[in-house]
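Please find the structures below.
Both of the next two complexes hold subunit A, though its partner changes from subunit B to subunit C.
Entry: the complex of A and B
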């Protein structure tokens, strides 16, 4: 199979592609195809349906495929040719024409080998589709026994969007399915500059307790925390206009059977590979020194760094508050019991009754504190935790941009060297070597241009993503903090009610 | 430390100091009022000197020897108390009081400890809200979006609610925890009184037995008689005053609990209403802006 060649979509579009980030270097046979994207496209194959193009692609020799497949990109619709990937290996990406050919039409870039049937639907449902989708994760139930047990969650979707086959449907999913979805999305979109929401974290301790079958308070709390986190994860993912239309996401939400994502297991070979890659990335991050020509990026990076630090601090304080409030609730309950005992042993009747009333009030208050602590946690603390994790994804996207820049610079330097070598060869009498050098140079020139386009594309995408992210951040924080304050209001109102009921009792002691 | 942090810390320390001062002052006042209200103690010369002498009293603290003496006295007392406690009392009133006080004392001790723990958690939560408020403030100053005004307003709100929460904890401490602590010590004092009476009873009974023995042997009868009469006199006197004291104890206890519980409820209400008002006004501003 030919290595894929990829052109980034022209500027100003919402065109997104799947990418095969690491396979930038085509085989020599594909070299002639390289030059084609650099010039104006010979063809203008844009359709509203995938059908004919697909056939064309499938019939042709893969090598030629890239020579012919040019596509128009629309400015408006978040078009994207998507691929149903079966794992971390990314999909093949389409070729698109350079910037000069942009017509606002609904068209598709498409890939060659694999396409998803719902692709057709995506095209039809384009445009005018307002965002109306609500996902809930509920009914956690334990499936299986012993160490192979797992929790299955019901994922219900209610939507009026035409993107989906039904208006109201649900499926059963387990935690590794969510992780699998995230890893697929990350491999497709992260290195093009999209901020993919991170999935909830694994917890070996928590899950082991559940597996072992301890039906106690802490394992129930763990399951509830996880359920809530999964729900937030899905909602955040579908809020992203591009990710919503990804066939992986659609399949996750709709299809009743999902292939098991084995590579997400902590102790699998894929897991180890991930760890090695992470380490390599960390080293690379330190060694890349980028000449930032765009102050916007530097400013934004700094902004996100500061935000990260502050959010972590705030998160720690809120977690401490949750902890202390839970403690307060427990201590209040104990005091209530103690006061009740005291009331029992008190032999003055009115005082005894008043003390029992005090005990009752304190018991109600302890429940109030417990509820408030839950509110603290689920509203405030989890929001902050989510955003701390999201910021890691944002920082990752900036890093990918640096990597893209590095690649571009590398190929540029290589080109320079080859040019020098060619210049030297000019003076020798080796025509074939000279020709080879010239060929290599042509190839590299294409690559350099490709690198530049990639870099510009990722920069553009990041700008858009960051502004979307910021808008959403503002919205999220405002909404949740208002909700949190409302919960505090409720608590105070309840407190007032309880103490107002107690006061006459206290006054009645004679 | 920045200037704002410094002023904030200063304010917090002042508030804490004020709270502790209020507590101590209240305790002292209760003590002095008790002494003044007591028919016998109010006539004590030391008390008069304490109230009237307008120069420094130069009270010397207990030195090591005296502390050691106290320690041994306590040990002897508790050992004796165990021996004496076994004696069954003829008088119903005192028997009832003994059982009541024993149980009451233990329960007050438990309630006092639990209320202390509850109040400490409350203070911890208030401290956390303080940290949250300052984090929000930093976030607000750093942010460039709409959120900055939002954060600053919420940070201000939390500052104020935290002050109220801290005051709630302080008032609970003052009205509830201190009340329980006081009655813990009072019930201990009442128990000590009963112990002294039991001791006198045992002495009286021993003196009776000695008298009988002396009469039987017909030796030292006069001596035994006088000592028996002394013990009897002592016992009756202590019984009488003990009865009165214990009845007063009950009345005082009921009055103190009433006063403190009423004040506690009123303060809790006041603070909750204040909190509610702050929250609602802030919510109004925030919702109006968005």
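Entry: the complex of A and C
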């Protein structure tokens, strides 16, 4: 398995360098490196990831559409629309999975991972190294002052997997690093059908408060919310068997220094949504409609449409619940205060004591309400929010499949035209032109074949991904509801303790 | 319709402590209560239908007993306000916590009113009480003549008498104490109501979530789909249990401590009104005394007579008031204790039931394969 880097990719590889970056994304791609085959990166990349190269490209990007601080992006806002850099499309850096591109790290077990000729083989080998990895994001720490300040988070990994150099290690990362990671993963995997988990949303309001040093409850809540979201994001990413082995992911988790992602043009869910809508429009304008010979895809797409609507409803419902729960906490605290005052004003000793006890019990109950509100939020609300965002990535891969199909059809149509043109040229006396036509036809035939292969591959990948998604979904929801129920039981047990302690006090009056 | 109350020589012919309101019927805007009282002779019960207007008729009769000495020193059992709003929001505004719980606490409050009146040694001698509890015809609906207890007549300048310094330390202390306590109790009752209303909102939100989860159920043989659908149904049941729990918690609150605080609050107000009446009489006495001193000889005798009469009235009021206050303190502490104990017991029961319920759900989830 030593012949790791090969160029050009062998026939076994199911992926091909994308030459027309602009087909995938609305913005035109202008970089010159586009037309080069997979061999290029193998020569240029000295480290084990696509990272540095990409950063360079991003640096060239004239329009930094996503500065550190952008406006709040809600689940529904369609404004954020550019997904990747305007200039060189990330398609330039070899988008093919690590197989053909990455120079393996010498001496590490990584070698074994990247010598496979296809993802299929990688996945089959998963069984060998069982999934055992736990990532936590902790210790948010403000670094710097004023508007240049940022939060640094400790990312700790505990694992027994051979994939990693150590068993227990940690690094410091900032939010833009996460966005940078996601951006790289999205550019490599989304368009070939992998559901890449979306990164947490940006928030200008939240971050500004933190930057200016507001140490109040709302900015603390914001940091905690973000910390939790980053943790879930990483766990979801590494749970994906392919993404886990991506060198960018490994570098993110292990490297003490990470090159700064300059333009963090993360694929926000809102941006994806916009892309999906644009693609949908394009599809409607297609003269030849996609012949959905595979009913499975049609059915799944419909299913995800429905699921999206339902999840949003559920999310809104839980948000309302969280809101009321917080309100209850406030009301309970106020009642506790009024009961304490009543106890103080009361002359009758036993009654006074009982009322004071009542006030204390209510204060404790208030704490329970707050904990429950957090449970509601961090367990359910964030879960549902994560899934709504995840569904946009799911929709995205379905759209990519359509685009892949379209590309294949376009090539076929072009081939047809060229063949007709060639046939006509047969009767003219222009040997040069004829030869050129024949050459073009040969090239196009290759393209058509590749197009078909791409389409089949993305279809296959999506099927697997959807199955994985659906299994994950059941696991995730089950895990959350179990945690939630545990908290509910605990709350009731606490209440029982409080009431049992209060009862004798109440009975002792008069 | 009775135009005149017949003369009844003996006191009440029924027991006062176990008067019950067994039923309440709503017809449009009007609530009709069925009141059952036990005959003293042990030979049976009286069942009568009364509306809130009938209660008010009774109260007005009690207020207008000017010939009973010291009547102004009585702490009149408080009658809850009339419920005539056409929306539940309006009713809650009128009645506070009594507007919740499907009239249960409201009925309890009316019951307590009747029990307190019927067991009051001065008040239960009034024939109106007997008529109210035993007459098969509804008492007259005519408005009784205006009386000293009609709050509307207490003009603004009267209100400043509230702060008038007392001549008796016992009463001064009681007035100060009552002032603080009425304020605190009212606030506590209001905050409690806020809590209950939010609990109800949470119950509704849980119900919505539970219903919304059912929409996620999809038909199909696909095992992953089936697993998710099943999960959604089960999570829906959890939230349904949460709704039941919160509804129970709110109900318990309303029927025990909510009612108790409301009762206490109105009772404190009743004491406040009595103390105010006494204070007004004190001011009257002080004025009469001053007038008698300053009177010119021709008026002097009349003024002295007035002063003496006022003094007697005042002393009677003080005598009755002292008894009433003692009685009142005993009753209110007992009522609050009962409310607190019941509240605690019911919430404890609900918590135990809910813990069991949630545990069952938890076990079911843990045992789920896949």
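General remarks:
Just so we're on the same page, the second predicted complex is superposed on the first by the 358 of 510 C-alpha atoms of A that agree within 3 Å, B and C clash if a C-alpha of one lies under 4 Å from a C-alpha of the other, contacts with A are read in each partner's own complex, and residues count from 1 in each chain.
Definition applied: contacts are C-beta pairs under 8 Å (C-beta built on N, C-alpha and C of every residue); 3 or more make two chains touch, one makes a residue touch a chain.
Quick caveat: nothing in here was measured; it's all calculated off a predicted structure.
When both complexes are superposed on subunit A, subunit B and subunit C clash.
In the superposed model, A:317 makes contact with both subunit B and subunit C.
Judged by the touch definition given at the top, the superposed model places A:423 against neither subunit B nor subunit C. Once the two complexes are laid over each other on the shared chain, residue contacts for A:467 go to subunit C alone; subunit B is not touched. Judged by the touch definition given at the top, the superposed model places A:325 against both subunit B and subunit C.
In the superposition on chain A, A:212 makes contact with neither subunit B nor subunit C. By the touch criterion defined above, A:503 reaches both subunit B and subunit C.
Subunit A uses residues 303, 306-307, 310-311, 313-314, 317-318, 320-321, 324-325, 327-328, 331-332, 334-335, 338-339, 341-342, 345-348, 351, 354, 358, 470, 473-474, 477-478, 481-482, 485-486, 488-489, 492-493, 495-496, 499-500, 502-503, 506-507, 509-510 to touch subunit B in one structure and subunit C in the other. Remark: subunit A residues 303, 306-307, 310-311, 313-314, 317-318, 320-321, 324-325, 327-328, 331-332, 334-335, 337-339, 341-342, 345-348, 351, 354, 358, 467, 470-471, 473-474, 477-478, 481-482, 484-486, 488-489, 492-493, 495-496, 499-500, 502-503, 506-507, 509-510 touch subunit C in the complex.
Residue ranges on subunit C touching subunit A, taken from their complex, read 177, 180-181, 184-185, 187-188, 190-192, 194-195, 198-199, 201-202, 205-206, 208-209, 212-213, 215-216, 218, 224-225, 227-228, 231-232, 234-235, 238, 242, 245, 329, 333-334, 336-337, 340-341, 343-345, 347-348, 351-352, 354-355, 358-359, 361-362, 365-366, 368, 370. In the complex of the two chains, the subunit A residues touching subunit B come out as 303, 306-307, 310-311, 313-314, 317-318, 320-321, 324-325, 327-328, 331-332, 334-335, 338-339, 341-342, 345-348, 350-351, 354-355, 358, 470, 473-474, 477-478, 481-482, 485-486, 488-489, 492-493, 495-496, 499-500, 502-503, 506-507, 509-510. By the touch criterion given at the top, residues 100, 103-104, 107-108, 110-111, 114-115, 117-118, 120-122, 124-125, 128-129, 131-132, 135-136, 138-139, 142-147, 150, 154, 157, 161, 250, 253-254, 257-258, 261-262, 264-266, 268-269, 272-273, 275-276, 279-280, 282-283, 286-287, 290 of subunit B touch subunit A in their complex.
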